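In what comes next, chain A is part of two complexes: it sits with chain B in the first one and with chain C in the second one.
Right after this comes the complex of A and B.
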């Protein structure tokens, strides 16, 4: 079986981001492999460790700095990696079109990708990759089992969960709860440098035209309303509860 | 050519150590400090990941990491807890005399099982009655036939008694002072070796510190590193290196102190604004940053000298002395920024100060470091 795990590299969750003249200022920021994608890497490794002979390929589309995240995946145990190196800011649909071509070329049986991308908070990449390939997909997957060319999954639905069975090849989007990703060990970090990391340009991977253009970015700001509830204390308390419940929605009904 | 960047592999190693410190060490640090107990699971986990005995040569099944790799790891782990890092650091200290002074047969015999088991090593030089004046040691080694017999006691030994392998320095000729010292490898479980755990330490309470007692301990002659008279030189060459990880640990503590102080100062309000807006606080943070950055570069420089095979005695003494002084000052200021909250255990800064005091003392007091540095300036 061939498993492709799609990776992104994103700012560390503890990084302090500042707005800059050209979007977010990433200077001095530590980048890590997207935690959501890490569940996919771990799941692929577990499939192999549980006895399904597999080749695991990490696939990433992004700037040169992504290499560090790719090396982390190699150190965790992925066999080889493909890095489509580009500084282009592509929307998820355009990304999926490029990634889809590479995945089809690899003749993969199973694709893992994070349920959500931590940088721009999009949940579109997994479904878009499935759409491009014409494959079934399960999003927000919390458990999965392989048998006879099919995969049975449980995934989150709006209120509760669903069990689905999909034929392979398929796309699985991953999230917290699916597994507990391992740390790369030091010996594996040393071995990772001898593994294949193939680089190609966006054009070599098939090219893509962005469908959207980023015009401006701004930071979300929160302002206090400074509302004073005067008058009868009982009345004021009732009004406070009403506002917390109906407006702030921090109390249940 | 000067290049200040870490290699790709070093960045990976740093990121692993940072994650381990943040997710595994830091959340448990207060517990082991309070209980004064040994963090066995954390040490085992570190060993599984390859973070223990990183300097063991490739020929013995180790990773043979460079000193720069080791200091990159050390800063990260100490950020999580200096006491827990001391356990790993003391094990590197324990294997270093074997790496520097042991034959390939000795390295194979002592280091391979240690690497395979994830065992700890220890270094036993100080005694109840002497520390800085190491050549005044009273522990005796008597050579006879195929054996060496050890008698005496060693003090302040990190991992003492729980280490699989301990390098003990003992005098076979007190008249000859430092020329009469042998470095002897003693394995755990040997008859006549006992230890007393030292309780009531101010800080670094997760680290196991003990007094080791040798009562007619017999080990094979083949456990002596180098020639019998090489012991003192092996000890000094070891410390010339292992002071650099002490500096790295200090840098980690200094960084933690700055992180804690800055984060508290951004949240704590006084007179209608976050206290970080006051210049009195900003200057403290700036001073911590100055100390942290300069100490890190001196530490990296000393490590680079080791890895380049160049003389590093002075550079490592400067790194150890400066970084631990800087870290002590940073922890002290971080505590002060926290005000009353800094003085209680609810926040981690009081522990930083208690822990890092030791960095100014062990592996050569900072006065000894200054003696080493001044030696070249007297004439």
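Right after this comes the complex of A and C.
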């Protein structure tokens, strides 16, 4: 079985974003492999460890700095990686066109991708890649099992969870709850340095034009009252109720 | 025209779909075209009739193969209708269903996707949207480079539409392929005991690890929520500990809420949690640690033990008769 795991590199969740000349200043921000994508890497490794002979390929589309995230996946146990290196700000739909082409060329059976990327807060990549490939997908997957060319999953739907059965090949979008991703060990980090990391340009991968254009960015900030209420619990609670009623006007009746 | 893909459960339109009708009406007016509703499912005439109170035209596709949400079947149905009506925009609400189907429709129609947007407008004939990015820490304005456009609209942003009398209803037929039906939908598990749906709640009470356990939810969170008619939410730490079901999780990997009033009890305020609630109108935080980050995003804060303060708060509200 050939498994492709799509990777993104995103700002560390704890990183402090500052306002900058073009809206938001990302300089000095640490970038890490997207936590949502790690679940897919882990799941691929488990499929192999549970006895299905597999080749696992990490696939990423992004600027040069992505290499670090790719190395993390290689150190976790992925066999080899493909890096489509580009600074172009492609929207997820255009990204999916490029990634889909590469995946089709790899003749993969299963694709993992994080359920929601922490850069554009988008959950479009998985479904869009599936559509480009003409494959079914499962979104927000919390458990999965492979058998006879089919994958049975439980995923989160709008109202609670739901079981789906999909024929392979398929795209699975991953999230918390699917597994507990492992940490790379030191020997595996060393080994990862010798693994194949193939780079290609966006044009070599088929090229794509962005469908959307970013006009501006700014730090989301909401004016908060930041009023701290003191006193003993009873007084503080009563003062809170009074303020919610009279000042914030959010208590009905 | 602007196509508005409505969703429903238990024979009723979702609140988010009503909001979507409003978003669709506004966008259609800005584009100088008609808004058209679309209802997919099995036995959906009642739902279509409900939608026709808000929109001049509603199309319905009544097909047992659309009863369950299968992304491919929905993609085919929506795309076919959008093409036949020459839609300028196709709108979904950005719940799980919309987020899953909209990208596929965008690929199928070779259209740009404006995802999980908080506003939609027209500038120089092109669609421009505002949305959040980077774990909801950044607001961005994005322009689509061509028409048609597929967009998903965040729930709890647009107001409910006013009724406009009886719109026309028309059943349309779409041809689904075997491929569209290849995913089979099995058992569904709805969260039990969910009194007020989190997506629709105007008040949300959230318990974090600080409430101390499942019993803390029963003794502190539930009575307060009942008093306020509020939905109950939890942090990931709470869900991971098994105190509450995943469906109640708010944050990056859970739900996004934006109620009028959000009360965080024993919640530290990690970025991943804030990204799911930072658009709430008024935020109250109760935490024994005065340095907890949640206070930075709070309108009102009380430093103290939730076990002492929350019962007093519930009682004070009772006295208030609210």
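The criterion applied here is as follows: the second predicted complex is superposed on the first by the 221 of 253 C-alpha atoms of A that agree within 3 Å, B and C clash if a C-alpha of one lies under 4 Å from a C-alpha of the other, contacts with A are read in each partner's own complex, and residues count from 1 in each chain.
We take it that a residue touches a chain if its C-beta (ideal position, glycine included) is under 8 Å from a C-beta of that chain, and two chains touch if they have at least 3 such contacts.
All values derive from a computational prediction rather than experimental measurement.
When chain A is checked against chain B and against chain C, the one touching more of its residues turns out to be C.
In the superposition on chain A, contact of A:171 is made with neither chain B nor chain C. Once chain A of one complex is fitted onto chain A of the other, the partner contacts of A:67 are limited to chain B, with no touch recorded for chain C. In the superposed model, A:189 lies in contact with chain B only, and not with chain C. Legend: residue contacts after superposition of the two complexes on their common chain; A:108 is shown touching neither chain B nor chain C. In the superposition on chain A, contact of A:75 is made with chain B only, not with chain C.
Judged by the touch definition given at the top, the superposed model places A:32 against chain B, while chain C stays out of reach.
In the superposition on chain A, contact is made by A:128 with chain C only, not with chain B.
Within chain A, not a single residue is touched by chain B in the first complex and by chain C in the second.
Contacts from chain A toward chain C in the complex involve residues 10-11, 13-14, 17, 23-24, 36, 91-93, 96-97, 115-116, 118-128, 130-132, 134, 136-137, 139-140, 142, 152, 156-167, 175-177, 210-220, 222, 224-229, 233-234, 236-238, 240-241, 243-245, 248, 250-253.
Listing the residues of chain B that touch chain A in their complex gives 8-9, 11-13, 15-16, 19-20, 48-51, 54, 63, 65.
Across the complex, chain B is touched by residues 32, 67-68, 71-72, 75, 183-187, 189-190, 192-193 of chain A. Contact residues on chain C toward chain A in their complex (touch as defined above): 7, 9, 69, 71-72, 75, 95-97, 99-104, 106-108, 111-116, 128, 131-146, 179, 182-191, 203, 236, 246-247, 252-253, 260-261, 270-272, 275, 278-279, 281-284, 290, 295-305, 308-309, 312-313, 315-317, 320-322.
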